[in-house]
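Common to both upcoming complexes is subunit A, partnered first by subunit B, then by subunit C.
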Partner chain A sequence: MTPTRLDKVATKVIEVFVACVVLILLFLLSTILIQGVPHLSWHFLTSPSQSFAAGGGIVDQLFNSLYLLVLTLLISLPLAIGSAVYLNEYASDNWLTGLLRTAIEVLSSLPSVVVGLFGYLLFVIHFHFGFSILSGAIALTFFNLPLLTRSIEGALAAISDTQREAGLALGLSAWRTIRGVILPAALPGIVTGVILSAGRVFGEAAALIYTAGQSAPVVNYTNWNPLSSDSFLNPMRPAETLAVHIWKVNTEGVTPDAVSISAGASAVLIIVILLFNFLARLIGRHLYRKMTGNSNK
Partner chain B sequence: MTSIKQELRHASKATREDVFGKVITYCCVAVIAVLVISILYFIASRGIATFTVNHVSLWSFISQTSWNPGLLDAHGQPQIGALAMMVTSFTVTILAAIIATPFALAVALYMTEIAPNRGARILQPVIELLVGIPSVVYGFIGLTVVVPYIRHLFGGTGMGILAGTLVLFVMILPTVTTLSVDALNALPGYLRDASLALGATRWQTIHKVLLRAATPRLLTAVIFGMARAFGEALAVQMVIGNAVLMPHGLVTPTATLTSQLTTQIGNTVMGTLPNNALWSLALVLLVMSLIFNLLIRFIGKRGQLS
Partner chain C sequence: MATYDLTAHHIIEPGGPIALSTEKLQVFYGRQQAIFDATLNFPANQITALIGASGSGKSTYLRSLNRMNDKVARVTGKIMYQETNINDRTINVYAVRRHLGMVFQRPNPFAKSIYDNLTFALKATGIKSRTILDDRVEQSLKEAALWEEVKEDLHKSALALSGGQQQRLCIARALATQPEILLLDEPASALDPISTAKIEVTLKRLVERYTIIIVTHNMQQAARLSSYTAFLHLGHLIEFDKTPTIFQNPEMTATQDYITGNFG
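Up next is the complex of A and B:
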């Protein structure tokens, strides 16, 4: 075979592989949506789940997922921004920084089930939090922190050094420069990173099975007192999320319509995550345009 | 006079602000460090209890295949042999990596060498969407589409290593692809130019120059994918069959370390031997994750030298 011919063949082979990957994605998305969307109804989204009877909905699970997401971001965002600022702005290039970066890398590569088990050991058992939203949010924070830190660090590193020099030249302290100049300039990148990580948190289940628990007790959506035990805001109640619900009805559930419930719930999960991805792009681009006055990109 | 002296002798407002900022950010990073250390400590201390408190021998843990932590064998020893689960975990991981690598390389080459503009514009969202699909949804698709199909082809339950591999392969594909794209993009442009100037075709350039130059980073990409596959719990658990048996083929039910952990830890009582044995499985996962990390660093260093 001549080299030119081989080149053509190799290119074709690569194209076939690429087409396979695209087809796999299309197949996945269409399967999830075709199986799931017919089960979606107002009733499905707004009624509580059933353990032994058909016709249950996902309202509690959906709320729990969103509530956990908000709590997780509340805890992990300040920590991630602080760490990213330290690593990108203050840290000098020495062994300590190297060690910290290694620690973050190790944390990000830990299996999420191990992170969940650690949360179970420390918070559920040791600190007697029980299966609760709080334990779940902390476990998700561990899972989320390294990714979020890295994406925020990336956003900070993309800011040109001239901005820092300009701040210092004006006599501002490095801290004022970071707060007043660097962080606002990095905002589009940070927001995109946060929304993308929100998508991951929303779909995570392995870290939650033994921290937030696998039951969704009946809660009262009109009780706004977070300290009351039947309030929907109470952070100490067990809370099964949407992703955990899909896992549970498929593995140990005795629900007769497990397949249609998980198909519907999967479709809801995917739609929410697609929405997050779409929002991340849209908001990131909008903020970028607003902050820089630059209309192309 | 005294006021000037005071001003010179004391830290300025800017300096104080800076110290304040440093302290805050330092605390944040310290939290992460403490967290990592305590994860390592807690899992390790629980995991070794099987060997230190319950006196199970480490050798029987890694060489025996019977897993019945509640029962004693003929010699009065508890049956804690994790070999079957380790073999299954490694098999699905390696098979998934073997299948995923050519696809990931093809997509990466398409995005960087063959159609940099059009390809990247179409494939970037494809990869991001694959990352975005949660693992339980992969597991659900595996359970409702892949498993019945395997059952139809090979008989049996359809659950097993083959189903686990097929699910994992799609799950690690985006990780390996993204890192491979980075690896190829990091190559200096003169490698391409020089090769093409010598009259090489595009495929010769890719095959003889680019892939070789990028080998260390491509290897780390694959190892990252393997680390993810090894630690993946729910998707695998849903399709693997959950029977702690030595796998006899690709389509017989078996169990991985993660699947055994997720299904059993809630059924055991804290501090008992069956529970400690499960924490030992978690420790194996932790150690493997650290080993994958070390491998990545090692290969990364070797790559820089050459």
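Up next is the complex of A and C:
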């Protein structure tokens, strides 16, 4: 075979592989959307779920998913930024740093159901948090932390060392330079990482079944006191999320319209995650442009 | 490569006041010694060029002067500035670096506006007054010959400037902390000839107010710019003299070979 021909064949083979990946994704997305979108309605999005009768909605589950996401990010973001700054800016390249990185890798490869059971034993039972948004948020933090740390570390590593040198040469401390120069410059990458990890958190079910629970008690959306037991903001109440709801409706749902609820909820889940992805690109690009003042990139 | 007697050297005593001097300065990267016994007086309000082949240690030597090598290398010996040994452990290195400003090979403006690039370090030292900040911005941009080009765009991103403008902004940023000495590490090697010429004109004007030490690969640039030149070879300071003497009638064979291109 001539080099030109070989190159053509190789290119075709690679193109087929890429096409496979894209087709699988398109097939999944279109199936879920085609089956689910017809069941979507304002009523479906705004009414509470029903246990036995048909016509239930997903308003509580949707809110729970979002609230859990916010709480998870509130806990995991500072931790992740701290670890990433330490690993990328302060840690020297020795065995201890290697050990830390390995630990983070192991944490990221833990099966989420194991994380969920661990959260159940430790927070739900031992610490008496019960099935609650708080237990769920902590379990999701375990799950989210390694990925978030990795992506923030990547964003920091992408900032050229000449920036750090510039700060040092101006008589600034390393921390001043990190806070005032490196973190702002890495912000577009950090925001993208946060939003993408938010998509994963939003769709997680296994880690939540045993921590945030499977029930969606009736909550009062006008009660803004997070300490009150029927407030929608109370972090100590159990909270079934959208992903858990899909799982539950499919395994033990007794409502006559279980199939359509599951299809509709799946579509909502996918649409929200797609929105996160587009938002990540949009905000990342916008911030990058704002930071660099470069309108042609 | 020809071998030279590295212990032999010819170092003159510059006339006039001294801004900075090193006494038996040694730099080690781990066990590897990069600078051997560098003893040199840098004349005040003059441009001193450091020349030498790659690996001669000229950049290492320069970066030791404002303690940029603190975390990378071990530096022994004295660096005398205003009758103080600034290579002492007890010295506040952050203050030292504000007295000895530095400009690097590649322009490295922060991803901030021009104004914020110049004021970031000042604000960190506690200067809050808007008038002082505005004055410093204008003054340092004028000194770096960039004011006329950017005075309308102070709040635009510095990354939108051209490479040459970015480098002059970096000079202005170093000047904004009001240093006495300006250290430049091949400041024009990443720039086109026109931008290089602008930087050189700027440096020639700045020398009235600052002491300038510049590392350069470009021997024409050293000859054009500097009044004193130091030649380094394999970490040894071989020769230091007035620039015309170095380029026309050097004392040492190694210097002669380097400037005539018979090196290696």
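Criterion: the second predicted complex is superposed on the first by the 278 of 297 C-alpha atoms of A that agree within 3 Å, B and C clash if a C-alpha of one lies under 4 Å from a C-alpha of the other, contacts with A are read in each partner's own complex, and residues count from 1 in each chain.
As a working rule, a residue touches a chain if its C-beta (ideal position, glycine included) is under 8 Å from a C-beta of that chain, and two chains touch if they have at least 3 such contacts.
None of the values given here were measured: they were computed from a predicted structure.
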Query raised in the report: Which partner does A:Leu274 contact after superposing on A: first (subunit B), second (subunit C), both, neither?
Result: first
Query raised in the report: Touching A:Leu87, do we find subunit B (first), subunit C (second), both, or neither?
Result: first
Query - Greater residue coverage of subunit A in the superposed arrangement, subunit B or subunit C - result: B
Query raised in the report: Given the touch rule stated above, what does A:Leu172 touch, subunit B (first), subunit C (second), both, or neither?
Result: both
Query raised in the report: After lining up the shared chain so the two structures overlap, which partner does A:Gly98 touch, if you call subunit B first and subunit C second: first, second, both or neither?
Result: neither
Report task. May I ask you to decide whether A:Pro38 touches subunit B, subunit C, both, or neither, giving the answer as first, second, both or neither? Result -> neither
Query raised in the report: Overlap of the subunit B and subunit C footprints on subunit A, residue-wise?
Result: 171-173, 176
Query raised in the report: What does subunit C use to touch subunit A in their complex?
Result: 66, 68, 93-98, 101-102, 104, 106, 108-113, 120-121, 124-125, 156-160, 170, 173-174, 177
Requested in this report: Please give the residue numbers of subunit A that touch subunit B in the complex, ascending.
Outcome: 3-4, 6-7, 10-11, 13-15, 17-18, 20-22, 24-25, 28-29, 31-32, 35, 78-83, 85-87, 89-90, 99-100, 102-107, 109-115, 117-118, 120-122, 125, 142, 145-146, 149, 171-176, 178-179, 199-200, 202-206, 209-210, 243-244, 246-247, 250-251, 259, 262-263, 266, 269-270, 273-274, 276-277
**Report entry** Residue numbers on subunit B that touch subunit A, as the complex places them
**Finding:** 13-15, 17-18, 20-22, 24-29, 31-33, 35-39, 42-43, 46, 102-103, 106-107, 109-110, 114, 119, 122-123, 126, 128-137, 139-141, 143-145, 170, 173, 200-204, 206-207, 224, 227, 230-234, 237-238, 258, 261-263, 265-266, 270, 279, 282, 285-286, 289-290, 292-293
Report task. State the interface residues of subunit A toward subunit C in the complex, per the touch definition above. Result -> 160, 162-163, 165-173, 176, 180-181, 184-185, 291-294
